[in-house]
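Each of the next two complexes has chain A plus one other chain: chain B in the first, chain C in the second.
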Partner chain A sequence: MGLLSYVAKRAAFAVVTILIIMTMNFVIFRMMPGNPVAMIADMVRLRPEQVARLYELFGLDKPLWDQYVQYMVQSLRGFYGYSYYSQRPIAEDIMVRLPNTLLLVGTATVLSIVIGMVIGILAAARRGSLVDVTAISFGFLGNSVPVFWLGLILLLVFGVDLKWFPIRGTTSVPAPTDPLALVLDIMWHMTLPTFALVIILFGGYALIMRAAMIDVLTEDYIQLARAKGLDERTVLYKHALRNAMLPMVTVIALAFGFLLSGALLTETVFSWYGLGRYIWDAILKQDYPALQGIFFIISVMVVAANLIADLVYGFLDPRIRQE
Partner chain B sequence: MTALLEVRGLKMHYGTVKGDVKAVDDVSFSLEAGESLGIAGESGCGKTSVALALMKLQPGNAKFLGGSITLDGMNVLALDDEKIRREVRWKRISMVPQAAMNALNPVFTVKDQIIEAILTHEDVSEKEAEKRTLELLKRVGIDPSRAGNYPHEFSGGMKQRAMIAMALACNPEIVIADEPTTALDVIVQAQVLKVIKTLQRDLGLSMILISHDLSVVAETCERTVIMYAGSIVENTSTVEMFRHPLHPYSVGLIGAFPKLTGERKRLESITGNPPNLLDPPPGCRFHPRCPHARDVCTRIVPPLLETHENHMVACHMVNRHPEYR
Partner chain C sequence: MDRGRLARSVSEFGRMYLGNRMGQAGLALLFIFIGMAALAPYLTPYDPMYTMQLANFRAKPQWLDPALPPNLYLITDPGLPSVAALGEWSLELTGGSSASWTGSEGYPGIPLVEEGSGPGAIEVTGEPSAEGTAVVERIYQYAYKPPRRFSVHLAYKAQVTGEATWSIQVLLRQSDGNLLELWSSGPRRGSQGWTVPRPQIDTNDAILRLRLFNDILGDASRMFPRGGEYGLVVRVSTVSEGGTVKVYLDDVSARIWGESFGLLGTDNYGRDIFTQLMHGSRISIIIGIFSAVIAVVLGVLVGLTSGYLGGWVDELAMRINDILLTIPGLPFLIVLTAVLGPTIWSVIILIGFLGWMGIARLIRSQVLTLKTKAFVEASRASGGGTWHIIRVHLVPNVMTMAYTQLALTVPGAIVTEAALSFLGLGDPFLQTWGKMLHDVQYYGAVAEWWWAVPPGLCIALLSMSFVFIGYALDDIFNPKLRGR
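Moving on, here comes the complex of A and B:
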């Protein structure tokens, strides 16, 4: 009963949050300066009646309220409108790029979390040792480097000079037809961007994990676990980690929430055909529907990730389940 | 005759950036099988440091500079980590830690934490361990139906009882109770002490009870050791300690304690504060606060000597003038 009402409450919160976010998504883009039709009209020098036709086509001639209702209904149906720019349904544009982004950023995020957590735990267990100091230093360093700079350096060294890795793209052009060759080709293309992302991301996870572990390791129940004669591994991975995971869960959930937009700069630098670059292009071209659509998807992912974090929390910590 | 536990000349300092904290200096005492020993003293006098050293649970910056701890003929300080973990901790010496409130891990049930202790040291089935756990909980007065609860669902007194049950899980020879009742209100405190006393007697346990509260020691222990600034100043039977304390510090401590019966008088207090153990005074560490201090006290550390039968005290003045009593 307690657990069930906890889940129901969290889920209800999530739905309300998404509705509020959708509304804000709508408002923000209407408040932005500039006018997409004016921009297109300017580019191709349209006649006034053609401009009026465009307004009608995009629905921009209707009152704001109508636009809002239509936007909400369509969004919930999974239709985000046509891109002002590519003239194609946005859902289609997104679906083409989504797998690429999930592959790159998903791989990099999972790798950074695993590497960061292992380093954080080891550093905390040997606080003040050489392992600890080295880990923190590299973590900070990686975390502080701008990813576009790191990306360019990696491209310069491993792509241009050494020619070990390609300097752009998601696959070779033309892409290999043999499935195995295609997989290898994609992996070859994603090595450098993945590497860049892991370097800038792992430090954050390592530092948070380390801080959480150090906090927990000074608790009385850890000393008691040692007094009980438990070996150091059990103390660390059973008694300490479960408690130290609580702050990590939130951080990990947020990382997955921002999976789609998180690599905007990296995708741009490495010319990766993904959603990050799509956002970048859409911003430059004031492509309202495209941005709205993608922001909607990101919001849903962030809210869903938070909901999952809440549920995992309840599972990890009996005190929260009861609240 | 050798005692179950012998501590001889134990010296342990903590390394800090400001220098060494001389937390335990030349501490010697012994514990017979079945005996209950109370260690009393102010906060920071080294009581807990001694207790932790017995299980080699001292913090990382601790340094052993001398002495020995012998458990049943085995030198505890010489054992490697693996051996001490398997053979001493919880199996032969267990503890009810300071602030038992926080000593239970919040994310595991009380039952599981006790079962874990049994399974670590004994080759029994999980079912058997659970059965024993429920019996133990019953023994300390906790309804076995609450065994599957999490620590936050227990009251302070219940957590303390559960800790006592856990301490007994592997039938240890020695239980160290470090301030077992300090965080509890007086009524719960009395109940918990009663549980400890009964179990100690029924199971023939040896016990070391550490407390800054003399009344707790007086009520529970057969023998009392008084520590001051990292050293033992007096060691005798509890009755003798309260009737005829010899060391000026013990006299002061006991004098600072109101009596329920007897005349009403102003409580005496010991002037001054305990010394900074980074740089303790030379000679007798109590001399700056001692009303009887002479020149010799400022220069020479008084040894702990048996001045009267079964009564050891570390004081130049007592040693020289038995009639000081």
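Moving on, here comes the complex of A and C:
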């Protein structure tokens, strides 16, 4: 199997996954009790022909299959319906907030991967040392500490008590007009949420990196390198690290969904103007279409991240292509 | 496996487990939480959800600041069961009034709304053709910081024959001698059955605050601005134009609502936070274990069948697995619980059904290795059927892994449920740890650390106990990894 067919296979899988997610979204919507026309007819007295006209407008008079096709076509065109609350197209609401979420997620991802990898490598090189214990403890913490609670605690200590960082928002109100001041202002607001995410996440990365390094260090070619008399530093960083990086690529992609979920919860705590806060509001206002729109967008992002990771992996590891 | 071997292997497992330091820590932590869950109703007398108004809303913990007022009931015996109960009142009569205790005219209460308390009452009699006032006062030494809420309750009744008017006033005499009129009946003619002031005399009533302080904001701190001698005064005035008038007072009580309560204070409805914390352990343990069991059973089933059967079954199962692994879990759960309705059981089932994928993969790879082992080959060669091989040879060999995975799946389930509850998607009839954090966030109470810190700490420690147990099991069942 060549690289091209590998790429095609992964891409096809991504497309199928997205189609299935859309279908599930459609099915979940149908599972909801009642329908929009009945809701309207409940509130205003309508003549039967008006009710019929409403069914026609909403497309609910058509057979289920036609509704499904229409839903799929509209979703693919980027239309996810109107928010019950803001009365605006959901895609617009999401697009305003998405950059903020991506900024937070991106920064936290990069930081936690870098910190996690460095600590993981050091832990593998010096087993039982302080770094090793740190890596393992933070790996455990990441599994059991709720990220939103950690956010609340950081807010309590550094926002409310010490007043070092703002307690809410994406920028100051009013936002500074000078571009440099604006960037600094956003960074200042971002510090605590990013910190919360990184603390929860880097331990997991560190543990995986550590395990991968330890795995690689038992391989024969490492023995050979050591036997050749290469110093430990060269063995670790030139021979072992390259191969130990491979599993990290998939793990990073798989963890992306987890990270995004964490970011949604953290945003809520810090009133960050992103998708997480939107979800909180949508739940409080029972805005189901908004929830589904967000679910769809996030799923597409995660599928895309997975696809990219698969492709990177394919390029890095020739064995995959020959499977 | 015969009895003796089983017993031996169980005791050997116990010895190994208890020799494992992480196993000890995990088990000890878990026992603390199980004790908390089992003893919750005995540790606190309240209901975490429905016992409200235990103190003022968002009262602080009692140990935090001893200068904060606890719940203070100014009148010790509002039911007036005997003439001795009048002892706490001082009485002052002017003009043609007399006051005495009666044992036959007690306030019977309002059916379905409130209960009266016994037959005793104060009887104030106005002499014919005379004016008079009877003032009863309860003097109280207040020695705390100002409270935010103060309320007074009383019930009254009047019997008039002929021409006479009467009125009742409730006043607060402040430490500087100033008199605040909390409530007045206004001058009335004629008889009246048992009545209570409506709306209740309570500083939560904005109209009362507006009248007293000329300001709709503000609270009872303006009534008790400093420590000192305060008096609750009830004044009954009678004016007789030839007739007779008898006014009865009963159930006179006054409450300074506690600004400090219990071990962890109260929430926005005046519910006890410590009670919620204790009871929360029950829900978290149940949700964690039940959803982990569902996930592990599904994972073992799928892993066994797809690993052993192989072929298209395996292919299909693994593709479904891939797709479910790709779908971001929390957003999917949010949509599902929002639409399906958040009850504790739907949350358990959903978390379980979205958590089996990783386990299935592990079990499958284990089965793939086992399949090539000699004992399985031998069994197949000697005519063992699929079901026989799975039951006798595969299941016992994957069980250790299943137990390890069970322990390692619980933390995720606990944290996920907490996240759903935090977002407001928990069971609305249960006060879980996640819901407590939701309340902290919703009411902006981050600064109240005695409220914000304990629930999350409990979630983390309970989860961590299962992580420790899981790693200990892994350590025991996979001795090869011990070098790591």
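The definition used in the following text is that the second predicted complex is superposed on the first by the 262 of 323 C-alpha atoms of A that agree within 3 Å, B and C clash if a C-alpha of one lies under 4 Å from a C-alpha of the other, contacts with A are read in each partner's own complex, and residues count from 1 in each chain.
Heads up, the rule we're going with is that a residue touches a chain if its C-beta (ideal position, glycine included) is under 8 Å from a C-beta of that chain, and two chains touch if they have at least 3 such contacts.
Bear in mind that the values here come from a model prediction, so they are computed numbers and not experimental data.
Annotation for the three-chain superposition on chain A: chain B and chain C fit side by side.
In the superposition on chain A, contact of A:Ser299 is made with chain C only, not with chain B. When the two complexes are superposed, the chain touching more residues of chain A, out of chain B and chain C, is C.
Applying the stated contact rule after C-alpha superposition, one finds that A:Thr266 touches neither chain B nor chain C.
Judged by the touch definition given at the top, the superposed model places A:Asn243 against chain B, while chain C stays out of reach. In the overlay built on the shared chain, the residue A:Thr109 is in contact with neither chain B nor chain C. Contacts of A:Ser83 after superposition on the shared chain: neither chain B nor chain C is touched. Of the two partner chains placed around the shared chain by superposition, chain C is the only one that A:Val145 touches, whereas chain B remains out of contact. Of the two partner chains, neither chain B nor chain C is touched by A:Ser75.
Contact with chain C, but none with chain B, is seen for A:Leu291 once the two complexes are overlaid on the shared chain.
Annotation: apex chain A, arms to chain B and chain C, angle 110° (C-alpha centres, rounded to a multiple of 10). Superposed on chain A, the gap between chain B and chain C at their nearest CA atoms measures out to 11 angstrom in whole units.
Those residues of chain C lying in contact with chain A across their complex are 319, 322-323, 325-332, 334-336, 338-340, 411-412, 414-415, 418-419, 422-425, 434, 437, 440-441, 446-447, 449, 452-453, 455-456, 459-464, 467-468, 484. Residue ranges on chain A touching chain B, taken from their complex, read 219-221, 223-231, 239, 242-243, 316-319, 322. Those residues of chain B whose C-beta lies close enough to touch chain A in the complex are 55, 57, 85-86, 88-91, 94-95, 97-99, 102-107, 116-117, 120-121, 150, 152, 166.
By the touch criterion stated above, chain A contacts chain C in their complex at residues 13, 16-17, 20-21, 25, 28-29, 31-32, 140-141, 143-146, 148-150, 152-153, 155-156, 159-161, 167, 211, 214, 254, 257-258, 260-261, 264-265, 268-269, 279-280, 283-284, 286, 288, 291-292, 294-295, 298-299, 302-303, 306.
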